[in-house]
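Look at the two complexes coming up: chain A is in both, with chain B in one and chain C in the other.
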Partner chain A sequence: MKKLNAFSKNKYSQWATAYLFLLPAFVLWLIWFCMPVLQSFGLSFFKYNYVMSNDNHFVGFENYVNIFKDKEFLNAFVHSITIVVFAVPIQTFLSLMMALLINMKFRGRGVFRTIFYSPYVISPIAVATVFMYLFTEDQPIVKFFTLFGLENTSWAVSVRYALPLVIMMYIWQQCGFYMIMFLSGLQTISPEIMEAAEIDGANKIQTFWHVTFPVLRPTTFLVITYGVITSFQVFDQISAIAGQGILGAPGNALSTLVTYFYLNAFKYGEIGYGSAAAVILFILIFLATLLQKKFLDKDV
Partner chain B sequence: MRTFGKIIVGIVLVIFAVAFLFPLFYTVYNSLLPDQYVGSLVSPKYFTLDNFETIFLNYPVGQWFLNTIIVTVCCVVGNVVVNCMAGYALSRFEFPGRNGIFLVVLGSMMIPFQFILTPVYIRLADLKWNDHLIALIVPFLFSCLYIFMARQFFISIPKDLDEAARVDGLGYAGIFFRIILPNAGPLLTSIAILCFTGNWNSYLAPSTFMVTRENFTLAVGVKTVRDLMYVRMNLILCGVVILSVPILIVFLLLQKHFVEGVAASGIKG
Partner chain C sequence: MNKKSIVALLTASLCALTLTVTGCGDSKDDNTSGGGNASAESPVTIKWGVWGSSQDIETFNKMADGVNEVVPEVKNIEVMHYASTDDFWSGLPSQVAAGTAPDMALPTNENAYEFINGGLFIPLDTDAIDVSKIDENAIRIWTVDDKLYGFPIDAQPTCFLINLDMWEAAGLTEADYPKTWDDVRAAAEKLTTDDVTGICINMESTFHITQVVQSFGGGWGEGKTIDSAENAEGLQWVIDMFKDGLAVSSKQIGDDWEGTSFAQNHVAMTMGGTWFRGQMQTAAPDTNYIALPIPQKDPANPASALHSDAIVIFKSCENVAAASKAAEYLAREDCQQIRAEGTGNIPSIPELYEKYYEDNPQFASLKGTESYSIPFGYPAKTSQFQTAFVNEATKVLYDSSNNGTAEEILAAVAETYGPVE
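Coming up: the complex of A and B.
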């Protein structure tokens, strides 16, 4: 039964108000989101060049066929997957650890929380620039890594080390954000449950596994989903490392699905072809999200 | 054993803190060094602001700063108003299509911005808006993520508040602007911070839409200077400081509300 309240006195005036409140968002969404989305799908079936527009015509699935024939696309695909596969588990693990540490009641925890979060608010361009200088030949950090058998070289210009450098700076920047998400998840655990577990003689690891972790499941799902979606989209750092060179430099070591799309659409002007690449990126993100929903989110 | 555990925790925390703070110190330290001392450890008495002077004199940094502030402020104000109104409607009113609209909001959150970059660029070019600041404002005045956050937050505010205001004779708009919004502090600050950092640091859209140097935002400008002058590390890190310090200050001022906001507004799901 519906409760009578201030909002059910007059049905039609309520409808009108609701639509009025939604109108600004709806208009903006329609013009700057919905129509572009449809256009992107549509353009992917055309040969479309914005500058030389006399040769624009429908080509069906030709763009998609050509993309899958392109070795550069495969290369970009592998790099994108590499970033996701390394960045997401590492940042999820680190941010969970940071959240668990901060969640312990000690003086000054607020300071640590602020320190851990602050990289997230800084521009990726700034972060990439600093990391490039830090990982230059003969710098202390590079020398430190030579202890583990790595070369003493400038990472950003090395075909072998550029991708690990991007993954590292990306994780460094993102951890704090996911830590906050885990922290707010941890705050939903009532102290009574923890006490009860302690009285029952559970040790720290058992408590974590049987009490903390189940409560954090929805948060973990969100952290991983969001992590996959965003790490597929890394762009600024790669653009910073390329500098004035071609996006994806050094020597295509950093080409990803996003740079592949960007180069084709904006540098070579092949908007139709680029849109097809963007559609593939979208489908991948969509599939990844569905997969996670199936495996991680069974009972939510 | 307990003290041993505490020491381990302390060490881990300090290692993390150093890993997070070192790049920040390195940046500020080097930005203050004159050319001849770059890369070496010297006493603070050699520190100089010459690099800041050089960068301000040779590049339109002031203009970039102004552009970034205009874009950011417009987007923050617009996003707060537009998305809170939509979120409020979805949380409070019963109307046909409500669930459908909410599903559309959720679905839109999954589509990456890159996916719509080209059509948006084409539309801006058709409107002759590209290379104008308006191109960085109008398409970015709403966000399905913030609508979702607003809806979750308003659901948690009891309807009694609205009813009391209704009894006092306020209309729907009055209730929203005079009662609901002033009581939505954590929501407003989290949207404001997310939107502020997002726009301040935004690079993909401004670098694509802006052509003339004077129309750049700070992030694009600093990137351009960096590409040209990469070997002058102290100068470039100066640019990094100019780009990063304002946003860090804003964050430090608002961070307490922000962390509450994340917890309150249901980003956590």
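Coming up: the complex of A and C.
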């Protein structure tokens, strides 16, 4: 009995220690994350404009109703979904291929690892500036794309090509990060398993499909989930293209849910309306993550 | 972990939390105007929100120096630097909420109406400050419903800029300086080559198009005349210039703004203001250029916008009297002279015009144009109007397959930002 009491006391002490260590982070999380989220949720039910502040009042669900009636919101929603639909599969595939390449033993793979990872550490603003220059009318890359029937035009100001340009620069920048995630997954695979597959007569594709890929499933799930979350939030590149001009231009081609929220909340001062847009964005990302968990996470 | 350690850890955590929370609080000096404890006897610090280059900030600091000697109720003017206009206005809501917003700012009149209409700026007490020396045109554009909302510290007519080296190389002379938009088109046809476009018209903002529509006899009329025939005529002129390859926007040629396009000889003409002086001094000191009045549809009835920076006081300012005096101090003759020399802004005091144009001969043609200058006239929801206009216009201008007309663009914008019922 005495021994049991000592065990309980010890266990209690361990829990108390753990919670005490967690306490500062938890409190800061409450202050810096939960409180703003709750405040934003609360503001979404108000007409709250810091410029026209004499007219701030409770409006219930009016902001939400107006958002869903706004053609511009639908346009922004379509663009955000387009970014997710194109960026996530492509960057997942490319980063997996890059990780497989880097995981092979060959001379100079460290150099390739650095080359592949370096775009991720460069400022998105700098990347956008360089891409905008490279994709200016008459530049070699633009001329190359004319071979496939595209126009010789400056992509950043083209209503048709501005969004593909953003998706392209976003993928180019993110692949290195996801490559590292896949690489860490690949390095957990025991060489014995690979050898066993080889002895059993599996070729490279069979080994990848039946050994490597199943082991990488948790990593793939993580990469896709994180990819969806961040793709919904693309902003820096669009902001860099706008510069001192209008965010989301040309012709609303770069209007996304995040730019829609930002413009309304901060540019137009409609904090209540912008907060409602932010809540909708939050719910969308949350739902997308839940759906992925339901369909992709089954065997993980 | 023993009980003593747990208590020690708990105490440390609470201390850290207390420090964090108090650290996040407002650590305002009691003597700042926002502190609420300022008395008539104790001089206060006035916070002045500004944005601009390092040269601008240096100039602002020079202007603010020595305020206490002239205005005893102001201890000092603290210059709060923001990276850009957007940075300032975007950050303002959270600063207002946190009680750290400045007392005053230095916006231009271009976007001011939105904030005046919303009550963010308070009217100045013209009995307490002396504005008698300030150009009446500058006063006029900062006056709304007979109330003055800004103390103008410059008055800059917008201008039409020509690269004289290119002008002469194309066989054009002083006699060809454009007075009308037809003249501009004729010159652009001569100046456009494989490497150079005749004129840069920046369509990522509404600044240039406003000059064009106003000089065509139109204007936005605070939203009442967005789709007027004059505006449509002016905008159609711009569309035709783009479609005919005679005009280009700076972004189309990979430049960040028209100043870069002009300085790097990518375009031969553009529109702007005296801020081109600094740009040309640093980016193209050897290029010869001249600033002319904005060309007009009917030179007998000219109109163009007056660009004026003014000191405004926020409604959150708790010591308006001291802030007003600080504004008056910053707008004094010496300060305007410092600014004219430092950043090239045209003063708002007419007695200083002569010296300014002597020192800056490239802008001498602008003398007198302030007399027909008018406000930008954007609707009260200025930012939303600008976003809508730019998006509608760029759909047509930047898509070769879109044959939309000026009337269609303006009708789409007027539908939302036209006259309020």
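Throughout what follows, the second predicted complex is superposed on the first by the 273 of 300 C-alpha atoms of A that agree within 3 Å, B and C clash if a C-alpha of one lies under 4 Å from a C-alpha of the other, contacts with A are read in each partner's own complex, and residues count from 1 in each chain.
The rule we apply is simple: a residue touches a chain if its C-beta (ideal position, glycine included) is under 8 Å from a C-beta of that chain, and two chains touch if they have at least 3 such contacts.
If you're wondering where the values come from, they're calculated on a predicted model, not measured in any experiment.
S.K.: Of the partners chain B and chain C, which touch A:Asp236 in the superposed model: first, second, both, neither?
M.R.: The first partner, chain B, only.
S.K.: With the two structures laid over each other on chain A, which partner does A:Met35 touch: chain B (first), chain C (second), both, or neither?
M.R.: Only chain B is touched by A:Met35; chain C is not.
S.K.: Is A:Ile125 touching anything from chain B or chain C once the two structures are fitted on A? First, second, both or neither.
M.R.: First partner only, chain B.
S.K.: Let me test your reading of the model: by the given contact rule, A:Phe112 touches which partner, first (chain B), second (chain C), both or neither?
M.R.: The first partner, chain B, only.
S.K.: So, does A:Ser158 touch the first partner chain B, the second partner chain C, both, or neither?
M.R.: Touch status of A:Ser158: second partner only.
S.K.: What's your read, chain B or chain C touching more residues of chain A?
M.R.: B
S.K.: Which partner chains sit in contact with A:Gly248 here, chain B, chain C, both or neither? Use first/second/both/neither.
M.R.: Only chain C is touched by A:Gly248; chain B is not.
S.K.: So which bits of chain A does chain B touch that chain C touches too?
M.R.: Common to the two interfaces on chain A: residues 14, 17, 21, 24, 28, 31, 50, 133, 243-244, 266, 271.
S.K.: Flag every residue of chain B that touches chain A in the complex, lowest number first.
M.R.: 9, 12-13, 16-17, 19-21, 23-24, 26-27, 30, 81-83, 85-86, 88-90, 92-96, 98, 101, 108, 110-123, 125, 138-142, 144, 147, 159, 162-163, 166-167, 172-173, 176, 193, 197, 200-201, 203-204, 207-208, 219, 222-223, 226-228, 230, 233, 236-237, 239-240, 243-244, 247-248, 250-252, 255, 259, 262-263, 267-269
S.K.: Where on chain A does chain B make contact in their complex?
M.R.: On the chain A side, the touching residues are 5-8, 11, 14-15, 17-19, 21-22, 24-26, 28-29, 31-33, 35-37, 39-40, 43, 50, 97-98, 101, 104, 112-127, 129-131, 133-134, 172, 176, 180-181, 183-185, 187, 218-219, 221-222, 229, 232-233, 235-236, 239-240, 243-244, 258, 261-262, 265-266, 271, 274-275, 278-279, 281-282, 285-286, 289.
S.K.: Inside the complex, what are the residues of chain A that reach chain C?
M.R.: Residues 13-14, 16-17, 20-21, 23-24, 27-28, 31, 49-54, 132-133, 136-137, 151, 153-154, 156-160, 242-252, 255, 263, 266-269, 271 of chain A touch chain C in their complex.
S.K.: Can you list the chain C residues touching chain A in their complex?
M.R.: The contact residues of chain C facing chain A are 1, 6, 9-10, 13, 16-17, 20-21, 24, 84, 86, 89-90, 92-93, 96, 114-115, 117-120, 202, 204-205, 249, 251-254, 256-257, 381, 383-384, 386-387, 390-392, 394-395, 398-400, 402.
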